[in-house]
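Some structures to go through are shown next.
In the two complexes that follow, chain A is the common piece, with chain B as its partner first and chain C second.
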Partner chain A sequence: MEACPIGSLNPGRGGEDMVEFNVLGFLIDWSTFFAIYAILAISLNLEIGYTGMANFGKVAFYAIGAYLSAVLTIVAFLTIFGVSAPLYSVDTVIALGEHGAELPWLNIGLFILSIVLSAIVAGVVGYLVTYPTLRVGPAFLGITILSFGEMLRFFLRNYEPLGSTYGLFGVPHPFQWIPNPTVRTGIYALIVLGIMFGIYIYAERLVNSPFGRVLRAIKDDEVAALCLGKHVPRIKATVLFIGSAMAGVAGALYLFYLGSVNPDMFIPRVTFDIWAMVILGGMGNNKGAIVGAAIITFVDRALTFITPSLGLTAYITPDYIRWMTVGLLIVLVLLFKPGGLIPEKPIKTPALEIADKIEEG
Partner chain B sequence: MVGVTEVYNTLWIGLIFMVLGLPLTLSYRTTGIINFVHINFITIGAYVGVLLSLLGVKNIFVIALVAFIVGAAIAVFDNIAVFKPLSERGANVVILMVASLGLWIFYKYFLYAIVDLIGKAVKENLVSVILELDILPSINLGGIVVDGKFLTTLTLAVIVVLFYYLVLTKTSIGKAIRAVSDNPQLAEISGIPRDHVVNFMWAMTGGAAAIGGLLWGIFAIVTPEVGDWLILEIFAVAVIGGLSSLLNTAIGAFIIAGAENIVMAALHEAFGLPLSFRPFITFLVLVIVILVKPPLGAGGGLPYRFFKPRKRW
Partner chain C sequence: MPELLETVDVAKYFGGVRALDGVSIKVKEGSVIGLIGPNGSGKTTLFNVITGFYVPERGEVWFNNERIDGLNPNEVYLKGLVRTFQIPRLFPSLTVLENVIITPPYQIGERVLDAPFKKRWEKQEVDLAKKAVELLRRFGMGKYIKSKISELSAAHIKMLETIRGLLASPKILLLDEPAAGVAYTTAKELFEYILRLRSEQGLTFLIIEHRLEVLMDYVDYVYVLHNGKLLSEGKPEEVVQDPKVIEAYLGG
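Then we have the complex of A and B:
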């Protein structure tokens, strides 16, 4: 966990935000970030809000998605255009820049393939990680996954073929062939929002199904669920599979938005941002997760766009204020509004709805 | 070749890990909170040294006393302001852990901001500092020169451990702490003032961890991230101790220190493993311990006693 003074939600990015205020650009930037973080918040909410598994290593699965997509895309481009260069090299970046806009269908195909593969690989890793961690209670599960994420980051930082600390650069945007950058990022933002909406619908259906009721049972009383014949360890592993797969998708989307990836984007505090979103919005409620993601990403993006013009940076780095706010927000919400902005609601089932109707008359 | 340096570092780092691991075990054992603010105790302890030496106070024992008081004050404040109201409302372990996480983030960046401001005021880089304090002199034991820094660490570590041992076994408040950690309800109906006892426990915890941070500041460079660097090792130390026995925690400290120095050096020698892979060994130890002998309290089972582990059957 190292100091990273600039760029907060995307710690790997430098100061390119320091341009004059551009409303459309801000909206596109914010909605992309909002959608990516909403996916992460929904997945975390599934784990902590519905199942009661404290996952402090969300960022690991996010990183797996991003790195996998980067490697897949770069390798595919290098193979198809017959360039032989290591993944991290100037030649590769130049070749990707030259050929990035030549075959639209290749870009889009790789985009879809990356998302699918990221989901599968991150999910399988999440499933496997549960094996050692389910032996300890809910709190130590968090610590173990947290250290797993840190190990992954240490590994990436020290692994030469993946660019060690520099990461991978120049991944072509899926819509590289559209010349106008605003249109390109606008379309991409819409697609990301669409994927986020799809995941939201999926999560809503999942938690209102019989499986979702088992999840709430596990959260409320694990021993009781076990006694009623529910295979708690396997269900927990399944939830971590689903949650990690969603995080993998978010990682892929993040990569294609930025076009580059480096290990220090995936420091643990990204996970804590997602936690702040879920706690602020309300645990055990997918709408709450989305609202929390919207608020925190909005404040974050607005701070990055606005603070340079306030002239306070000479005294105090805006990053410190931002993180102090996040920390304080977590504590204050837990103390004074434990349910969050949108508290958990009772389960919806067809039988309950009919029962309500009969009661009403 | 694994030489004298590795053994020496193992002893030295093991002492620091012990001073940092004991309070974590004590607070987890008593309250069930996995306390992320422990990271801040470490960092703040190191920075108390930095700031006091700016003011001209260089005596290590005075600084250690101030660090103890500052760490204890923060720990008691956290308990009164956050942990106690939350647990009275019936928050579970995860919620308490998340609250401590929020406090950790807050304190960390608060410290960054303060250090940044003071550094700008005195025109010095306080974000990475090498501490220079008045420590015990080096001594010469029949040809072997023992470094003064090591001697200071040893002295302070022994003081902290003795303090823990004497308070927990010989005083009535120590017995009360053990009673509360064994069974809070039973302790309360036996007339033990639980809130005072828990506050005292937090003061011991925060103070000892801050001294540990100061010791790390003597050993290596001080930045606002020292606590973050050390926390994985400290958790591993506490998990090896089963999160319940203070003696096992002390043993765990030396196991982790040995794994990071002696085993790492041996692997580097034998297989050419880069030294930057050091945290992997800690992680590996952590996972193996969790697989082979999961800590009881953390697994949901009955926790051990402090000094005499009860047999499981």
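Then we have the complex of A and C:
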């Protein structure tokens, strides 16, 4: 748990080892955060940008992925190494520290398993939480998920077996057995970027298909889509399954990067950060979501790295500067490019190519 | 020939307004039926009840020997009952072509598990696109295939609403004032095309029209609605002679 200095996107730890500016460290840290948030932005964009579902509780599914991965990994380690201690206890943290680098395949296996299970569990929860609300109108959907996320957070804050407000600590890194922290976090960053790229490709294919066409139709006029035989409630629930599953994956990746998790990492503000990325980058465009994530995580990480050397008072935290910067960026972009940096584009199915061909010959 | 569609004593109220008050109509398979009546007589409401948009206060709707009142609009659509809207409901973020090819049901590429794999649905998509382009060209919209809806004139929008219904390969097509606002010659072409579809493919039509004379030459049988009730029915040439019909039109 040494390398990563954590700032406002993940409240909880300070960047005390960052005395001088470490470019490689910064790049690794930023690209990991960027990739995790890009996954979240792509998932939100699928919901709001393509289908028109305002999900104000994205953070809940992110939290589910992170907590699930933490519990799974800690329980597996304790079981395999025969330690009987509560999940949140000094004994557990010591045991995890002792055995965390012993069996490389255990770490990697748990990492992969966590990702898969996080996707499934977050997806199913997303489907279940939202399905009953889909019939009553879009406003209810947003509020329901927002409240669900807050309820989940308050539950976690008060649930002792999962460490209440302190959360869970000491989750071994998937590459704990690599001694050099730069190599370790570097490899991890590449893997997270790879997963993000895979999710991007998947999302691109999904939206540039007849399915994506139906999503846009639902966004425009869901009653008309229903009257054209499309099972709108089921399609929306499916999109929420996919979006929540992606958020679950992001949660798992976040957990293994930090090695710890606590309820207040998942305040509603995280959801609105993701919204800001989508609005800035461009609704209804996956590339836009990625650009938005890149800009906002860059501002965030840069401020986290730089502020300690600015000698600001305790009242002006990186958080304030970040809010001002992000707010200003959004205002400027919406002023000059109302559709976001990369606005919505027509869907790329073969249909329009056919039209071109027929037109020519 | 068997009845394809039948409503039995259908009623629909909006507060105190009896938009439909006991309407029974029958549509035989392969027929082209007109539904006329002055503004506000309940024609569109009858479509809305038939297609599952509204649940009737009373009465039954039968399609293909199956009771369909109470089904959701998407379920009704999938049974082969396709309607157009009097005020077109097109999708502004889709192109003209996409607004048309979205209508055929059960597309492979619309299934979430198949959607990411273009190979699985590409052929169907190409076939549909060809048919759609052909239809668009037939009705003078070849130039607008890749246009956005916002770039179309009102007449083209109206035409597009009808064209997309045609591509859905329904068993029965319910058209709500397809000729309203459309150029006279285009409307004529449309009705002639409807007759051709009927004779070539046995397609059935129920067509709402405000003005009787527009439909005269094309329909087999006409129902006249007035204040939510059937005022008259019969062959078009009989109905135009009916004093009650003449009075209803003159009076209101």
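Quick note on the criterion: the second predicted complex is superposed on the first by the 330 of 361 C-alpha atoms of A that agree within 3 Å, B and C clash if a C-alpha of one lies under 4 Å from a C-alpha of the other, contacts with A are read in each partner's own complex, and residues count from 1 in each chain.
In this text, contacts are C-beta pairs under 8 Å (C-beta built on N, C-alpha and C of every residue); 3 or more make two chains touch, one makes a residue touch a chain.
Since the model is a prediction, treat every value here as computed from it, not as a measurement.
When both complexes are overlaid on chain A, the residue A:K287 reaches neither chain B nor chain C.
Using the contact criterion defined above for the overlaid structures, shared-chain residue A:H231 touches chain C, although it does not reach chain B. Of the two partner chains, chain B is the only one touched by A:N158; chain C is not. More residues of chain A lie in touch with B than with the remaining chain of the pair chain B and chain C. No residue of chain A is contacted both by chain B in one complex and by chain C in the other. Interface residues of chain B facing chain A in the complex, by the touch rule stated above, are 34, 82, 85-86, 89, 91-95, 97-99, 101-110, 112-113, 116-117, 120, 127, 223-225, 228-229, 232, 235, 239, 274, 276-277, 279-280, 283, 286-287, 290-291, 294-295, 297-300.
Partner chain A is touched in their complex by these residues of chain C: 51, 53, 72-74, 77-78, 83, 85, 89-95, 97-98, 101-103, 105, 107-112, 115-118, 121-122, 125-126, 128-130, 132-133, 142, 145-146, 168. Those residues of chain A whose C-beta lies close enough to touch chain B in the complex are 1-3, 48, 52, 54, 56, 132-133, 135-140, 142-144, 147-148, 150-151, 154-155, 157-158, 222, 269, 272, 275-276, 279, 315-317, 319-321, 323-324, 326-331, 334-335, 338. Touching chain C in their complex are the following residues of chain A: 202, 205-206, 209-214, 216-217, 219-221, 223-232, 235, 238, 242, 284, 344, 346-347, 349-352, 354-355, 358-359.
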